[in-house]
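Should a chain be cited, it is by its letter among A, B, C and D, assigned in written order, with residues numbered from 1 in that chain.
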Amino acid sequence: MKKRTRLLSFVLAAVIACAGLTACSGSKGSTASGSALASGTKSRAQDTLIYAQGADPRGLDPALVDDGESAKIMVNIYEGLLKYDKDSTKVEPGLAESWDVSDDGLTYTFHLRKGVKFQDGTDFNADAVKFNIERQLPPKVTEDMGYASFVYGSVKSVEVVDQYTVKINMKAACTPFLNNLAMCLGAPIVSPKALQDNNNNVNEHPCGTGPYKFVSWTKGQNVVLTRNDNYWGTKAVTKNVIFKFIKDNSARVVALNNGEADIIDGIDATVVSQIESAGNKIYEAPGMNINYMAYNTTKAPFDDAKVRTAISQAVNVPELVKSLYQGYADAATSILPTFMPGYDAGIKQAAYDVEAAKSTLAKAGVKSVHMITYSNPRPYNTANGQALAEAVQGYLSKVGVKATIDAYDWTTYKEKVKAGDYDICFYGWTGDNGDPDNFMNLLADKDPTMNVARYNNPDFKALIDKGVATPAGDERNKIYTELEKIAAKDAVWLPISHGKTLCGYRSNVKDFYYHMTGVVFLSGVSKG
Amino acid sequence: MSMQHAELPKSEFPEQTADLLEKPESRLKEMWESLCEDKAALTGLFVILFLVLVALFGPLIMPYDPNLSNMTKSFIWPNSEHWFGTDQLGRDIFSRVIAGTRISLTVGLSAVAISLTIGVVLGSIAGYRGGKVDTVIMRFMDMMLAIPSILLAIAFMAALGKGLDKAVIAIGFVSIPEYARIVRGCILSVKENDYVQAARVIGNKSSRIIFKHILPNVLSSIVVRATLGISTAVLDTAALGFLGLGVQPPAAEWGDMLGRARGFVFTAPYTLIFPGIAITLTVLAFNLLGDGLRDALDPKLRKN
Amino acid sequence: MFKYIVKRILMLIPVLLGVSIIVFLIMRVFSPDPAPIVLGQHATIEDANAWRAANGLDKPLYIQFVDFLKGALTGDLGTSYYTKTPVTQEIFSRFPATIELALAAIILASVFGIFIGIISAVKKNSIIDHAGMLLALVGVSMPIFWLGILLIILFAGVWHILPSGGRIDPLLQPVVSSGFYIYDTIVSGDTEALADALRHLILPAAALGMYSMAIITRMTRSSMLETMSQDYIRTARAKGISENRVVTHHALRNAMIPVTTVIGLQLGSLLGGAVLTETVFSWPGIGNYTVECILKSDFPVVQGVVLLIAFIFVLINLVVDIVYALIDPRIKFSKKEG
Amino acid sequence: MLLEVNHLQTEFQLKHGTVKAVNDISFSIEKGEILAIVGESGSGKSVTSLSVMGLVQNPGKVVGGEILFKGEDLLKKSKAEMQAIRGDQISMIFQEPMTSLNPVYRIKDQIMESIMTHMKLSKKEAWERAVHMLEVVGIPSPRERAMDYPHQMSGGMRQRVMIAMALSCRPELLIADEPTTALDVTIQAQILDLLYHMREKFNMAVLLITHDLGVVSEAADRVIVMYCGQIVEEADVRSLFANPMHPYTLGLLKSIPRLEDESDGPLYMIKGMVPNPLKMPAGCPFSDRCDRCMERCRREAPALKEIDGHKVRCFLYDSETEEAQV
């Protein structure tokens, strides 16, 4: 009895003490006016950047993951042979100082940078490159290496010429290959030793050559990186980087305004004023993506291009994009983003014309359509597919078409798309490598979860094949412009928007930029 | 005087407490009368009646089509035209809240109907038969109870897909064990009563005994549980909707509205406030009524 | 008593087995195919088939179940499809956060619930009583997630006095970590980190605990009222001890017996409520994670988590029964057996 | 005079009206005396005892009169002063030994609590005293039984514990509210016996509340009969049983079966029921049930009248009435 009473009183005392302490520190926070919640850690905070994103990375092994949250972290740890220019998807030297491509496009020779070391102290050399590529080629490749076939699918073999020269032999000419090597998934070079030590899976033990090295990953909370002092190039300005995971968009905004994060991403347009009025800044990066609505071209009534055009005419895309994304996505006139080679300002989709739409649809007897959509926000559609479908539903009702919507979470949605039971579906694409083929091929792919319009046009396919083999340049770009024109004329898709990436950052953060491939290079960013 | 201890006649009047004017009457009528004296429960009842009217005649009082988007009118603050403002897609929130009443009440009532029916049947069988049947059924109920109902409902929804009908099934299914337990408990205690025994002796069929003699006796406990169950079901529906697993668009479900409003809490707080109030009010009303019914059922509580 | 506990623990086995079967069926029979989400946007149908074969998803269901059971019995719950990390590792890196949150919530709920309940009962029909009961009613009627968002708006968004989410400022994260930050920071003596962890804990715990607090308040009040009308309370008063002592010593202990049960049951249900709270507050716990895994059809994780939660839930019930017996000397285990 | 109650009035404010549970009663107890208050349930006897203890709970309230204990008015005492008196100078035992002990504490804790509150003894001394008291009230092996919980004891044992607890601080007045009602007949006798002995031993006064005239005849010195919140008759025990005056008392006595009774007829019963306290008859409260009710009884309420040290509230003994009858 006595013992029990004493225990109880102890617990009670502890609780009261906790509550008291909380109250005290709470009031302390309020006097600090929320600018720096952890006032005592200011000095530590000075050399630490906190980047808040929506979710944990899937993992930190570039061969095993496919998501943007992982990519953002990995680009600071790893490097590939090539990298993208800061403002475009033009490729530049990375771990390879220079390269030669044979005239037939079947042999690539890379001359590697000398004196580069992995963060575990091992040397970067031709063997490491061979190891990384062969890991993603048959027979070693596993089916869960999501980008292996995309990046290295056209590679036949890899040869070590000498310690700093690598030769890659191709099965067929593939112009996008150089762009692929600059990608943040599949292409980055991982320390072979780390892979061997960790059973060929460095999801939780990443080790590359980049400006930051991995410290820790607390699941659900954060990944901590620290400066790689042995980095071969310009060393990182800020000592530590913390990627913090805050799922909810508005909570991420609160975190930024409260000083719990220095930079946040994945926000939508509605919070911009809130961020700016708190004295923080907005970074607006063009997005390498397309948000679209696709017609099921294998099924009546949308096997008829006229009906497709009529529906496209019914939707006022600029108005829809303006209110749904509040100006933080550009209404799309083409499939390719505007900065992409092959984009042409002359391409136009079916123009908004209610009367024309009405009469065509009435003639064709289209009174109802079945739309399917996804219920999660996607990088190309921050407002989520449901809101988009509902908006389109509103437009269709004005031309006498009643639309029913079925929304699914992403996993189920992909199954439904595969099953093909829909008239219209909503989809989108985030570019991988900055090459136009990466976008236009979506209308030629045989996989129905890629080619959701199930568009099957032999001329279009032939042109796609020609584009892949044609060396980069104006001639190749024209091919893609032509493809755009075919797609627009056939009204296969109704391109809706190119989502911009919106980031918020605190006013003392300098030199922050967000690359159009959806990643952030933080080594140049400092906190004033 | 010798050692005789005779008790004086005891009167009906208790020493201190109040129940002075009570006459023995039928249980439900008694419950109703006691309910009428309970201001809180009456308030709940009136709010529920109001909500039912709104659900029935909602389309008549809705100023706008709740489901039709109009991209020219997105995010209008509450004003005389749009009392609760408009949402991202330019839909009138007032109309949507009204439309949501019907959805929430439908889901609440149907889900309770499902769990009630299955729960009562399972509980009756378990309680009446006893033995192995009882063990098997109740162990199964234990298993279901051991999984948090919201997780179970989420898993159901993820498997079945979104939709009003599916939400009803998911929510109805996960609360079967509660009813089964209550019914079983009541039946166990009623089973040994004389009149049930008598019915058995004269050879009534089991199902007849259960429906004719036992269920009416457990009815009042079930009524209470079901009333409170509706409030739980409304909350669960909202939770599923909030997680994006509720109804198919463009249906106006309160939880779904909250889930979408979450992104606009600072720019358009009214999108978050009104559906939340609607949920709270509905749940509150059913809780008030349920509490009132429970108190009315339990004379011991009533005195307090 | 020992015998009783052993018996109860043995009874866990069929329940857990049944739980596994239920979850297994829901996930593997009805849930969408995990392959597309695991393999990403470039995977072909052949890739998906190969992946399913590699993960045993092409085998008959009962063999899959037997494989799962074999693993579970040896403590191997498999590997997450999505992250390729062992499920046990995924779970235990998140579980302490949920436990810490649930405990904080139940402590808050119990302390305030019992306190308000007692005051309401002692000052019956006063303004305090009415206010307390109104709070309790609203508390059980508000959706947790709505309350959570409102709290974030007020405390983090408008007043800037509490953080909006997360468990701790990453700069203060305990180095040596059991995963229980309150414990870790106390052990390491880092008061700044402790204060920060508590500040992060308070809003989610309040949101999560609100419902339980309301239930506990109501239970305490009615239990206190019932107890206060008991004869032994009159006896205690007749002994001439102070009213305070009558309430805290004689009434409370008796009134706490049913309240304890309610607290225990609430603790169990908090594990479920944590799903929503964690989502709203970006709390890195198991609830939030499980929902994600359900939506990604990450079968091994969902099976593992549900099994664990069910285990804990049943365990809590057992503990409640034991505590019940400890505070009520009238209860004998032998009577309750069978 | 140890306790002197003058014109005590206790009321209950109920939703449907005010119940005058104790309606202007006066009585006194001397040191060492046993005074019994007899009446049916609802006659106000228990409320009287609770009023003396200062334990009338809401919605009840003492609204008038005075309660002089050793010359001081208890109604004017502060809460703290009353606490100091309760359990120390005046203590009380109750009808239900099964529920009057706190089920979650050991016997010793409950007795020691009283001792430590009033006697300022150390824990050890309190323990010794508690064991001593258990011994005094006749509990065998008191040291062991002190460690028991109430549910481990029989009803008679529990009532002994109650008495031990009540007597542990040597009170001058013990109020025993139906101390034997819930017990078996044989146990009843033992408990009455014990009370009687304790009175002798400690020279304390006892206010015995009961509805059982048998108990009264055995234990009391003086008797008060209460009906509907009023005293209807007061006399020493001998005179009451020998010469009951009020028709109600008479009825009570007649309804006790007697061995020496030769008539074979059914046992006498007072007709009717106690009136609803909210709808009291205009005149004498007993008029509706009285065998000898007169016209006047329905109009006026009689006053308490003393005839040779025997008090009675009835018009039968009013000089006017007598004259009229003659």
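Assume a residue touches a chain if its C-beta (ideal position, glycine included) is under 8 Å from a C-beta of that chain, and two chains touch if they have at least 3 such contacts.
Note that the structure is predicted; figures quoted are calculated from it, not measured.
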Dominant chain pairing [most C-beta pairs in contact]: A-C
Chain centroid nearest the full-protein CA centroid: C
Of all other chains, the one whose Cα centre sits farthest from subunit D: A
Separation of subunit A from subunit B, taking each centre as the mean of its C-alpha atoms, in whole Å: 45
Rounded Å distance between subunit A and subunit D, as computed from the means of their C-alpha atoms: 87
Whole-Å gap separating subunit C and subunit D, where each centre is the average of the chain's CA atoms: 54
Interchain centroid distance [CA atoms averaged], subunit B/subunit C, Å: 23
Touching two or more other chains - residues of subunit A: 248, 250, 409, 412
Numbers and ranges of subunit B residues touching at least 2 other chains: 158, 262, 265-266
Subunit A - residues contacting subunit B, complex: 248-250, 253, 268, 270-271, 273-274, 316, 319-320, 322-324, 373, 375-376, 383, 386-387, 389-391, 393-395, 397, 405-409, 412
Touch list for subunit C against partner subunit B, complex: 14-16, 18-19, 22-23, 26-27, 29-32, 124, 137-138, 140-146, 149-150, 152-153, 157, 222, 225-226, 229, 269, 271-273, 275-276, 279, 287, 290-291, 294-295, 297, 302, 306, 309-310, 313-314
Contact footprint of subunit A on subunit C as seen in their complex: 32-34, 36-45, 47-48, 50-51, 54, 82-85, 90, 93-94, 97, 107, 111, 152, 156-157, 159-173, 182, 192, 194-196, 198-199, 201-202, 279-285, 288-289, 295-297, 326
Subunit B residues touching subunit A - in the complex, by the definition given at the top: 67-72, 74-75, 88-90, 158, 161-162, 244-245, 248-250, 260, 262-268
Subunit B to subunit C touching residues, read off their complex: 139-140, 142-152, 154-156, 158-160, 231, 235, 238-239, 242-243, 255, 258, 262, 265-266, 269, 272, 276, 279-281, 283-284, 287-288, 300-301, 304
